[in-house]
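Same chain, two partners: subunit A is paired with subunit B first, then with subunit C.
On to the complex of A and B.
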C-alpha cells in the first residue's frame, strides 16, 4: 500500500509538470489555433538563464524569477517576430513556422552556447527528501506539486476575473465577435503568448531541477509530452489540458511501476495505446473545448 | 593555344604536388542534432591535432592533412549520403559519427569503396564486428569498461548488484556486460530495469529499487546526461544508498556539479590527466587554443584519432592509398595518443586502450586506477 501511495505521489508530481506544459500549448492554441512546437525552446531559454545565474553566483531564489521573465520575454518576441506575420495564414503555415522557430533556436544554442549539456547549479535542498509516515518524498516533488496547485489557482482567477483573461476567453470562443466588441486582437494574442511563456518558464524550473543540466535539444521531450497531454485533454480546452497532463503522468508512472519486467521495454508504446484508447471513446478529448467545431463525418 | 597550354600546365602543377603530399581525410560527423554533444568535442580535438601536424610540415614532415567536413545531422541516412560524397571526392580515410548505429549506416559505402573508416567515439564492440574489415573504433569497448568496473566492485567487496539500462542504443546496454562479468566473478544480480533515452522521470524506478530488501550493494548504469543526473537524484531522494557505477558518458562537468548526491560515484572513462601525462599536455594545449579548459575527455579522443591516422601513414611509408592505410591501421601497435596508447594489431578493429576508473570526491575527480582487465573476464560482444 505504501508503495502504491509512493508511486501516486510520483504520478502527481510528473502529471503536474505535464499539466503546466500542456496548459502553455493550449493557451496559445485556444486564441489563435496554433500548436507552438517552439514552446520547448522557451523552456531551454529559461534553463540557460538558470545556468548563467548559477555561474554568476546569483542566488537561486533570484534566478528563478529571472529565468521565468526570460521565457515570457522570449515568448512575446517569438509572437511579434515569427507568428504575427503569418497570423492569417493557414494552420499548416503556422505549424511549419513553429517548427522552423524551434530548429533555428536549437542550432543557435548549439553554435553559440555549446552542443554539450551545461551544468545548472541547484541548491542542495532540492536533492533532499522528507519522510511522511512510510512515504519518502523528494523536495523537488513537493515543489512540483505545490507549484502546480498555485499556478492552477492563479490561472483560474486570472482567466475569470482579469480583463485580459476574460478577453482571452472571449477570443477563444469567437475571435470575430470578440473583436466586434472592441477587444484588441494584438493584446489578446500577445497576452496568450506571455502566459504560455510564463508557464514554460515555471515548467522549465521544475524540469531542470530534476536533471541539473540544460542542453540545446532539451525542449523536445517536454513539448512532445505536452502535445500528447493537450490532445488527450481536448485541444484548446484549458481544463482539458490540465486533465490530460495529469492522466498522462499517471499512465506513465503506473506503467513504469507495475508493468512486468519483460514488458518494460514496451512502456512507451503501451502508454500511447492507452491514450489512443481514451481518444476512441472521447474523440475530442477528456474535456473538449466548447469552441471546437470539429466536424466528424 | 598558348592560353590552353598555360592553363593546362598550371592545373597540372597544382594537381601533382597536392596528390603526392596531401592526405585527404573525410569527416562525416554530427555537428548538429542528438549526437553533436559527442561529435563536436571530438572534432575540436581532431582540429588541434591536424593544425599541430600541419604546422610542423605535415606527417613525417611532408604530408599535409586536409580535412573535408560534412554535417550528418545525427541522422543515419544522411551519414550514408555524406560518406558517399566524401568517397567521390577521393578521400583516403573517413571519420564517422560517435554512435554505432549511424556509423554502421555508412558501412556499405565504405566497404565498397575500400576506404578505412574510424568512428569518433563509438564504444560498442559490435561496431567493427558488424562493420567488417574497413571499420575501426576509437574508444575503449563497452565490454572492457564493464569488465573494469565489475572487477572493481567485486574487489571492493560489493556482492549484489542491480542494473538500469536502455535498449535504445548499443552503448546504453553496457550494464548487460556488467551483469555478465559480475556474475562470473561470483556476484549476485538482484534485478534490472529499463528506461528510454531522454526519460525525464525516474521516480517509479527509484521507488521500486528503494523497496528492495535487501538493498543492492551496487547499481550500475551507462545512461548519460540528462538522464543520469535525474536518475541519480531520484534514487538518492528515494533513500537508496547503494554504490553507483556509471561509464564514460557521464564524464562531464554536470556530474561534478551535482554536489552531495554524486559523492562516491564511480565511473570508467577513456583517460585521466595524471601529472606529466600526454593528456595533461593536451589539456594545456586545448586551453591555449580555445581559451577555456576542455569540458570532456572526448576532445582528447579526437586528438588520438589523428595520431592513429598519422601513425598509419608513417607505417605505410607515406602512402595515402586507402587499402594500404587500412592494413597499416590494422597492424598499429602502441601508438601514443593523448589519453592512452592505442593498439589495433590482433583485434578486429576495437582498439586496446587504457580504461581509467574515476571516483567523484569533493566534487572533483579521483583516479582509482587504470587497470587492464583479465582477457578471460571480458565478455563476448553481443548484438542487441
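On to the complex of A and C.
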C-alpha cells in the first residue's frame, strides 16, 4: 500500500510535468495548427539559464523567474522569426520548420555550450525529503505537484476570465470569425507562444530539479512524451492535454513500479501499446478538441 | 447623398476558381440592400471580400470614404462594418455572454459597450436568459440571434447578413425578417444575402441579382419583383 501511494505521488509529479508541456503544445496547435517540435528546446534554454545562474551565484529564487522569462522570450522570438513566415502554409511545412528550428538550436547548444551534460546547482532543500506517515516524499516532487496545481488554476482562470484568454479560445474554434470581431491574429498567436514558453520554462525548472543536469537534447524526450500525451488527450484540446499528460505519467510510473524485472526493458513499448489501445476506443483522444468537427470515414 | 460603401469592379479568385468577376455596388446610409442569386453566384464571396475574409484580386472597396481594399479582417469591426457569417458560426464552446463579449472586442469606449449590451439584450431577451449557457447548446434560431447580436456588439454602421434565415423554421424566419425591420428603424444599414427572395425583397429597398459572379440585374425591390432576370438568374438561364 505504501509503495502504491509512493508511486502515485511520483506519477502526479511526472504526469504534471507532461501535462504542462502538453498544454503548451496544445495551445500553439489549437491557434495555428502547428505541432511545435522545438518546444523541447525552450525547455533546454531555460535549463541552461538555470545552469548559468548557478555558476554566477545568482540565488535560485531569482534564477527560476529568469529561466522562465528566457523561455517566454525564446518562444515569442521563435514565432516571429521562424513560424510567422509559414503561418498560412500546410501543416507539413510548419512541422518541418519546427524540426529545423529544433535541430538548429541543438547544434548551437552543442557547439557553443557543450555537447556533454552540464551540472546545475540546485538548493539543498530540493534534494531533501519529507516523511508523511510511512511515506517518504522528495521536496522536488512536492514542489512539482504544487507548481502544476498552481499553473493549472492560473491557466484555467486566464482562459475563462481574461479577454485575451477568451479570444484565444474563440480563435481556436474559428479563427476567421474571431478576426472579424477585431481579434488580431498576431496577438492570439504571439499570446499562445508566450504562454507555451511560460509552460515550457516552468516544466524545465521542474525537470531540472529532478535531475540536476542539462544537456543539448534535454528537451527532446519530455516533449516527445508530451506530444504523445497531447494526442492521447485529443490534439488541440487543452483539457485533453492535461488529462493525457497525467494518464501518461501514471502509465509510465506504474509500469516502472509493477512490471516484473525481466520485462522492464519493454516498459516504453508497453506504455505506447496502452496509449494506442486507448486511442482505438477513443480515436479523437480522451477529451476531443471542439474544433474537430470533421467526420472521418 | 454619398455612399456609405462603394464597390468598383470587384473580382474574387480562389486559386483557379473565379467566384466574383467584376461587381459594382453602392450602399447608402440607412438602406437595406438584398443580394440575390442562385448557389455559387458569388454572393457570399462578395460579402467575405468586403470584410477581408476573401481575397479581392482586383477592384476597389471604399467604406466611409476610406479605401479598405485588401485590409485585414480584424480592422473592419473598429471601422464600423461587421459580418454575421453564413452558417451562423457562433463560438460553440464559449458561453452566450463570452460570444457577445468577443463581438465587442474592438470597442475601447466603455459606455458604448454598456449600451451595446443593453441593446442586444433588449432585442433578444432569450440571450439574456441564457447568457451563461454554451452557445453550442442553443437552438438554430437562437444561434442566429446570437450571431446577429454578436455582430451588433461593435455598433456597426453597416451590417452584412449572410443567409440569416438558412435552415430555420418558418416561424423563426419571420422573426429574423422582423428583426431586420427593427434594426432599420434603429438606423442600421444592411446588406442581406438571402435565399428567401420574396421575403428579402419585402424588407429591402434595393437589390442586386448575381449570376456567375456578375451582376445580372439591379434596381428597387419593386422593380426586381417583376423582373424576368431574377427568375432567369435562379433557373440558371442566360
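Please note the rule applied: the second predicted complex is superposed on the first by the 294 of 297 C-alpha atoms of A that agree within 3 Å, B and C clash if a C-alpha of one lies under 4 Å from a C-alpha of the other, contacts with A are read in each partner's own complex, and residues count from 1 in each chain.
Please note the rule applied: contacts are C-beta pairs under 8 Å (C-beta built on N, C-alpha and C of every residue); 3 or more make two chains touch, one makes a residue touch a chain.
Please read all numbers here as calculations on a predicted model, not as lab measurements.
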### Query
Thinking of the overlay built on chain A, is A:124 touched by subunit B (first), by subunit C (second), by both, or by neither?
first
### Message
Which partner chains sit in contact with A:290 here, subunit B, subunit C, both or neither? Use first/second/both/neither.
### Response
second
### Task
Classify the contacts of A:217 with the two partner chains as first (subunit B alone), second (subunit C alone), both, or neither.
first
### Which of subunit B and subunit C A:181 touches, first, second, both or neither
second
### Query
Is A:7 touching the first partner subunit B, the second partner subunit C, both, or neither of them?
first
### Message
Which partner chains sit in contact with A:113 here, subunit B, subunit C, both or neither? Use first/second/both/neither.
### Response
neither
### Task
Return first, second, both or neither, reflecting whether A:173 touches subunit B, subunit C, both chains, or no partner chain.
second
### Query
Which parts of subunit A are in contact with subunit B and also with subunit C?
none
### Query
For subunit A, which residues count as touching subunit C in their complex?
163, 166-167, 169-170, 173-174, 176-185, 290
### Task
Within their complex, state which residues of subunit C touch subunit A.
51, 53, 72-78, 82-83, 85, 89, 91-94, 98-99, 101-103, 105-106, 136, 150, 154
### Message
Can you tell me which positions in subunit A touch subunit B when the two form their complex?
### Response
3, 6-7, 10, 13-14, 106-107, 110, 114-122, 124, 127-129, 136, 138-141, 207, 210-213, 215-218, 220-222, 252-254, 256-257, 261, 264-265, 267-268
#### Entry: subunit A partner contacts - residues on subunit B that touch it in the complex
31-34, 36-37, 40-41, 167, 191-194, 196, 198, 200-201, 203-205, 207-208, 210-211, 225-227, 229-230, 233-234, 236-239, 252-254, 256-261, 295-296
